[in-house]
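Note sheet for the following structure.
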Amino acid sequence: MLLAVLSGFLLAIVTPALHRITGRYIGWTLAILPASLTAYFASLIPDIQANGSLMLEYAWLPGLGIDLNFLVDGLSLVFALLISGIGTFILIYAGSYLAGHNYLARFFVIMLSFMASMLGLVLSDNLITLFVFWELTSITSYLLIGFNHEDVEARKCALQGLFVTAAGGLTLMAGLILLAIMGDSYSLSEILSSDMALHEHAFYTAAVICILAGTFTKSAQVPFHFWLPNAMAAPTPVSAFLHSATMVKAGIYLMARLNPSLGEGELWGSALMLFGAATMVTGAYRAFSSTGIKNVLAYSTIMALGTLTMLIGVGTELALTAFICFLVAHSLYKGGLFMIAGALDHETGTKDITRMGGLRKAMPVTAAITCLAALSLAGLPPLFGFIAKELLFESLLDSPLWSAGLTTAAVAAAILIVGVAGLVAIKPFFGQVVNTPKSPHEAPFGMLVGPAVLSVTALVFGLAPFLPEGALLQSAAGSVKGVPVETYLALWHGVNLPLILSIGSLLLGLALLFRWSRLQPALYAINTYAARFGPEAGYFRFMEGITIVAAWQTRVLQNGVLGLYLLLLVAVTFGLTGYTLLSHHGFNLTLNLGDSHFYEWGIALLLVVAAIFACTTHSRLGSVASMGVLGFGVALTFILFSAPDLGITQLLVETLTVILLVLVLFKLPEFTNLSSPFERYRDLAVAVFAGGVMTLLILAALDIQYFESISSYYIENSAPLAYGRNIVNVILVDFRALDTLGEIFVLSLAALGVLSMIKLRAEDQHKL
Amino acid sequence: MKSNTLILHTAALFIMPLQLMFSVFLLFRGHDEPGGGFIGGLVASGAFVLYAFAFGARKTRSILRVAPRDLLAAGLLFAIASTIPAFLTGQPMLTAHWWELPLPGDNYLKLSTPLIFDIGVYAAVLGTIMTFVMNLMESDE
Amino acid sequence: MESLMAYVVGILFAAAIYMMLRRSIVKLVIGLILLSNAANLLIFVVSGMTRGAPPLIPEGADAPLGAIADPLPQALILTAIVIAFGVLAFAVVLIRRAYEVVGTDDLDQMKDTDT
Amino acid sequence: MIGFFWNIMLALAWVALSGSFTALNFMAGFFFAYLALMVLQRQVPALKGYSRRLPRMAAFLVYFVKELVKANFRVAYDVATPVWYMKPGVIGFELAARTDVEITFLSSVISLTPGTLSLDVSDDRKVLFIHAMFLQDEEQLRQDLRELETRILKILR
Amino acid sequence: MNPELALPILIPLISGALSVALWRSVRYQRILAVAGTVLLLASSIWLLRSTVAQGFLVMEMGSWPAPFSIVFVSDILSAIMVVLAGIIGLAIAIYSLASTPSGHEKFGYYPLMHLLLAGVAGSFLTGDIFNLFVWFEVMLLASFALLTLGGERAQMEGAIKYVTLNLFSSAIFLSAVGLLYGTIGTLNMADIAQKVATLEDPGMITVISMMFMVSFSIKAATFPLFFWLPASYHTPQVAVSALFAGLLTKVGVYALYRVFTLIFTQDVEYTHTILLWVAAATMLTGVLGAAAQFEFRRILSFHIVSQIGYMVLGLALFTPLALIGGVFYIMHHIIVKTNLFLVSGIVYRLLGSYELKDLGGLYKERPMLALLFLIPALSLAGIPPLSGFFAKFVVIRAGLEAEAYVVTGIGLLVGLLTLYSMIKIWAEVFWKKMPEHVEAVGRLRNDIKTGHKWAYYLPVVGLAACTLYIGLNGQPIYELAEMAADQLMNPQLYIEAVLGGQQ
Amino acid sequence: MIEIIVSVLLLAGAAFMVLAAIGILRLPDLPTRMHASTKAAAMGAMFTMGGVAFYFGDSVVLARAFAIVVFILITSPIAAHVIGRAGYFTGTALWDGTVKDELRDNYDPDTHTLGSGYEGSPERVAPPPGPDSSKD
Amino acid sequence: MIPVVINIVYFMLSLALLFAFIRLTRGPSLPDRVVALELIASIVVGYVGVHAIDTGVPSLLDVAIVIALTAFLAAIGFARFLERGGQKND
């Protein structure tokens, strides 16, 4: 199983090499993998029928509770089969569609990676592993949407898709972690099988919101749906595979997967129903009002995704059965339709259905397959789509909550979708022949085999619903419900309310279709108006907002003015320290006059006036000389308080400092007063505050001597053990010689820096 | 303005060796009395700075013989070398080793790794400051 | 004396910071010198100031005769002084080169690299 | 000769500084002094025969200290009293001293003596320009300076 | 005696000093650059192995007993950090062979590089608070010199800010050490920790801890103290940027980790809450800063700031899991960020600019380079299964467990914005068509000389491999982080290891 | 006795220092200030060191005190010379009461040459100090 | 007697220090400041000497030696600044 999941990645790695060997047969060659995977997954069906589920365990990151365990049950197997099955045809199709393309190998690398990720996603038992694959699908999707990357629009669309799904992905991560904390495990099977009442947990609401944010973005639910039509910038095989059949269903998968655990809370069901219904209607409406064939299909996908979400939300046995059927039906017809759309594009050179017509003569096989798929889309017998739609109506009528509203919405969507199906199947192929940019021929075999097989499968499933039902659908529905489910799939249920609704919607849909051309301007106007206030506008406003906030923040914070940086730094340093001193220790302003000699006062005074003079003088060298005086003052302090070594060092360093300053200064301009009086007073206030805090700190520290200094050790052992009588020097070269070692390296580094700064001039350099 | 040389030149020739000698004195005495490698190195730099002020950077380079940078490197290597004996005997880094070399009479020359270390410090400090000063001066000339 | 020096050190810090906040690079350097002096004195002050008892052991003795000043902070300060000197030398040359390259000593003119 | 002289002097200084008056220490001092001079060897002009000048040197020292104290009091008086008694000015003093060492030594001693300050030597080294504080009697000053120069040259030549 | 404890500083110190001695021979310096860093890496791995085996290694310098000597202490965290320094050092050394302008090589590039590594390794290994200051300074001065090497205008302007703000930080650090010594009377960190732990009223210690926090936070470039970083990191030649990006701020982070787990744990409620908000603000301001940039290295520089926030977050949450996350994050980030800078250098070499508007077309022309960018870029953005994901994941989980929702939420948002930035670079540099004026100049034809190609690509490939390895086989890394965090949560172990018999 | 000598020497030393300081504060121009400061300070240091030497009465201290005095005597005139001439040549204003300035006439600020006024004359202007001319 | 004298001397030296510093601040030209700085160095020598007596620590004299040997370098540096065209009022 691990191999099954990873094989896609492995194959991806060798694809470029393979491409060189197989040339134009690369699509067919690569398709062997998903084909065999399909067979492999199909071979698991008996096992699932017998045991309900199957667990295959592989270790990965046990420390974090992350493993590569794979959970195979009805639900995951349905998805796995869809992925590998449709994947097989997509690869074949892409081999033809992109034949001769410069980056065909790169395309297949990403495609295979995507397929593997998708398999990993639906098969993972571990929440985190699932998330890993989830994100991989987002990234591969990004790379595929932007496949025509030299086109600005493609890049923008790719970014939009990625940004929306990644945003959702991050909340999903939080949600999954919360779920894991609630369920005390990262293992789906453990969480699903535990009898903990998750909906009573404090994290429940947060977890549901986070997870749904993730699934809604991925599965293009309103209000996050806008990225999906834009994702049609991708080559058609990608749209067919990722953006209709598989990736967008990842969110659906996850909702279905978690339904048994999270479905008990009220929030879950109502959120899914509400957003699902809204998505369904919006998708259907937008599909009907679009002109680009891929947009039509994309919006109808959104409609389907909404429907699926809504069905999970309804959550009855019937609804979940409908869910599974609709899922399978949709994948079969939508994958096929997309491939057709690509073929049309490929042959005619346009995507706009208003610019096609009468193609049935040039492309008869294509036309036939399209009709078959469109019938399924419209939910007409004898295709599997019909069964799904009947179940949909039935389950909504049966819904414990908001039955009427949901049914009305579903019927409205169904009406529009009939129109959409007509648009797709009738508009291009029938009626007058319209001149297209390319003169159309029948699409190559590689591009037709997929749609054909998928449509025929839909037909077979429609005629013999017990085939998929017995094999998988029942157990899949059980997986979603959390308990075994009894299903009764049939093409003919007798005349009942769902059938009446179906017929009604069919008729109304046909009526709409025939008025489509006349409705188009009005629809267009509505869409344009909605675009200004819709969620997509929100997305653009958000992105713009980030840029504006970022620029503003950078202007304010990273303003380039060193003085302001320092000001903030000083304010933070001493504000924080001062506040902590106040709150954690308190302070007292003591000044003990008695313990100082008058001449020590004199030196203190000298230090102070030298410092102040250095700051206030307008003469640079006066300032430097004053620093010299300060140095003498500091040295005197050292000397008077028993630190001769320090005194000497200070004196020498002071002298050398003055020399260095003087050496440098005459290349520099004289002091000028650059700052305004306000700035000076502001800086003065901050500086005085900082100095005050320092004084308070020192005074506080002077009162405290928690422990004796460790120095007595040095004093005692300096002569007997280290053979030196100048204890300071012994510390420097023996007790703490490492400090000194570091220090001479500091000096050397300063020297090297100075050397290069002076000797290596930018203008002399050999530039790259 | 006019730059005089005579008096400063001559004085520098007398004062500089005095300072140099004093710096060596401070270096060797540092373990027992105020002084040591740093202070010694700083005084020695003072000596060469004086020389450089009197005679210019080029002549100072010629009496230094080695580039200040090489002096620096030598100092660093010296200081590091003083850690080697400890390594050879399997002791922690910078463990001091003392040797007494007998000299004529009743005298011993006390040699130790801390002394070697301090010599390294001396050379490194001298090298550093000469690098500063020489380069700054040369960039003016 | 320590409490007196606490005020002195505070004033030195204030002076240092005030100078560093000026726009002229030369004043910045003066500020840096003041800052390192202030920090060194701070260590000296908070670890206790002792009069007339340098940490030296008389010749022939194994230990000082009476109480002596704490040698450890002195060693630390010595290290800090020398480091500060190296840093300062670097900083001084840096501002000189910056002035040569940029052509002004006004720090507010040196903000091309940020935005 | 002057090299050797300095070498000995430096070695003695070493001994004095270290306070350890042993032969070994002297040798060490000699050695280090030698090293110190080694760096300078190319720059130091050779001088010879310093030994016979020692008595003169002692005499000079006495003379110098006397002048020093005398002049100091003169300056001190003027500084301490409110009214300026001084008549400062710059004079050119024609040098008899020729060599670098002579001129430098003379100018230093002049500078050390209160009331006179060597400013510079003319480019042809014939004249030493001196800032004097008390030019009430310039001739007397020139004579004093001449005597000082003579005494110095006697030591150095 | 464990010589491996001293080798990580001795090797670069010796290499540095020898490189100065070999000033005139760039050839020998180049050989030494690689040899020295290879040895450094080897010794650091040796150190890590010994440390894992023994828990702690302690060396009392000069054989004087702790706390009187300076001790070098290696716990898992320090050993990990040293290994990372070794890895980055080697990568940079190799890369430098190709990328360093010859003028820089002649004026001390290699010695500076070695000594920077010495400073970094010393900072990681020392167990003495003042000695830490010294190594900080070694590192700082080396970085000053590297930053100004070349002397371009931008370098000078950036360096003035970098130098000033870092010197201020040093002064605060030094003052804090002084105050700590004045009150506790010792410099050995274990000794300080042990003594602080016995205090009944440690209010003053908390006050002092604020100074350490500020000082280290400046080095670590957290909000609101990070200005020096974006002002300067994009100015030197790229290998230097990469070296800085990988190691310098992490030394600050390491220091924060060290003192705020070992010493200043007396008022976690106060200190670590401050750190928490610092972390949040750092993440956010950093990433927003990046969003406003359109220059390759500036974007990366701001992201350093942002990522530092995550690392500090790990410390601030102060739970075992959070520390694991933090340590994991540090490891991941050092490798990834260095690599991104190295990639930017190759891009610069190929197209002659760091400005996004002047770049483009590299996905078409250099697909392998594109992949080599994508790996660290996506890892930085926390995309699984790369190293950054696990790092972020652990931190986020720790945040949620600690119920720090706002900060965790910010962490997630920042992840998204990081992705946005990386994608911005990707789209502009790789996907976008090469701008016409660039094509006209024919920069790409000015390709990397074949002789140098390996030196450019080897480090990038190696670091990308590390990223992939950590992502795909994170267990050993996780275990290391777990051991490190375990030690950090139990300072008593550290104290006993250092002070041993004197307890 | 020693105490008295020490006290006198110290006080004298300090007095010279104060004198130097008053001088430098009061005197009207740079050269006159230097007259006060350089010499008086050197004297002050000499007396103080004399006091120190007497106080400790130790050969080592004596040697050091002597060394200090010698070093000051060597270095301070050099500093004075260098600063004095630098001050003069950069045009520091002389006191109004200055009676003459023979240097100004001989200095050419354009070529920076300092003549002697005896350029045409034979080598020596001043008589050489022959053995006979000495009076002592 | 000596302690009293020492205190008087301290007082006088402090006074001298003060005067010298006033000159340093007043200038007006750079050489004036340098001369003041030189004087301060000499006063420090005096301080050191007196303090050595005050505390009985002759080792302090080493500080004075260093000042005597090196303090004048600053003056030479300043002079060089002026020689190379630095402004005396700067």
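Labels for the chains are A, B, C, D, E, F and G, by order of writing; each one numbers its residues from 1.
To be clear about the criterion, a residue touches a chain if its C-beta (ideal position, glycine included) is under 8 Å from a C-beta of that chain, and two chains touch if they have at least 3 such contacts.
What you see is a predicted model, and the numbers here were worked out from it, not measured in a lab.
Chains that touch both chain D and chain E are the following: B. Of all chains displayed, E has the C-alpha centre closest to the centre of the whole protein C-alpha set.
Of the two chain pairs examined here, C-E and B-G, it is C-E that is joined by more C-beta pairs in contact.
The chain with its Cα centre farthest from the Cα centre of chain A is D. Our note on geometry: chain B versus chain D, Cα centroid distance of 29 Å, whole angstroms.
Taking the mean of the C-alpha atoms as each chain's centre, chain C and chain D sit 39 Å apart. A straight line joining the Cα centres of chain D and chain G is 22 Å long. Centre-to-centre, using mean CA coordinates, chain A is 85 Å away from chain D.
Multi-chain contact residues of chain B (touching two or more other chains) are listed as 1-4, 7-8, 11, 14-15, 18, 22, 32-35, 38-39, 43, 46, 49, 69, 72, 76, 80, 83, 93-94, 96, 125, 128-129, 132, 136, 140.
The set of chain F residues that touch two or more partner chains comprises 22, 34, 38, 42, 60, 64, 67, 71, 74-76, 78, 80-82, 84-86, 89-90, 113-114. Across the assembly, chain E contributes residues 13, 16-17, 20, 61-62, 130, 134, 137, 141, 144-145, 148, 151-153, 160-161, 164, 168, 175, 179, 181-183, 187, 227, 230-231 that each touch 2 or more other chains. Across the whole structure, chains are in contact as follows: A-B, A-C, A-E, A-G, B-C, B-D, B-E, B-F, B-G, C-E, C-G, D-F, F-G.
Note for the complex: chain B touches chain A at residues 30-39, 42-43, 45-46, 49, 68-69, 72, 75-76, 79-80, 83, 93-94, 96, 98, 110, 112, 114-115, 117-118, 120-121, 124-125, 127-129, 131-133, 135-140. Interface of chain C with chain B (complex): residues 54, 56, 59, 78, 82, 86, 89, 93. On chain B, the positions that touch chain F within their shared complex are 1-4, 7-8, 11, 14-15, 18.
On chain E, the positions that touch chain B within their shared complex are 1, 3, 6, 10, 13-14, 16-18, 20-21, 23, 59-63, 72.
For chain F in complex with chain D, the residues that touch the partner chain are 16, 19, 22-23, 26-29, 31-32, 34-36, 38-40, 42-43, 59-60, 63-64, 66-67, 73-74, 76-78, 80-81, 84-85, 88-89, 94-95, 97-104, 106, 113-119, 121, 124-129, 133-134, 136.
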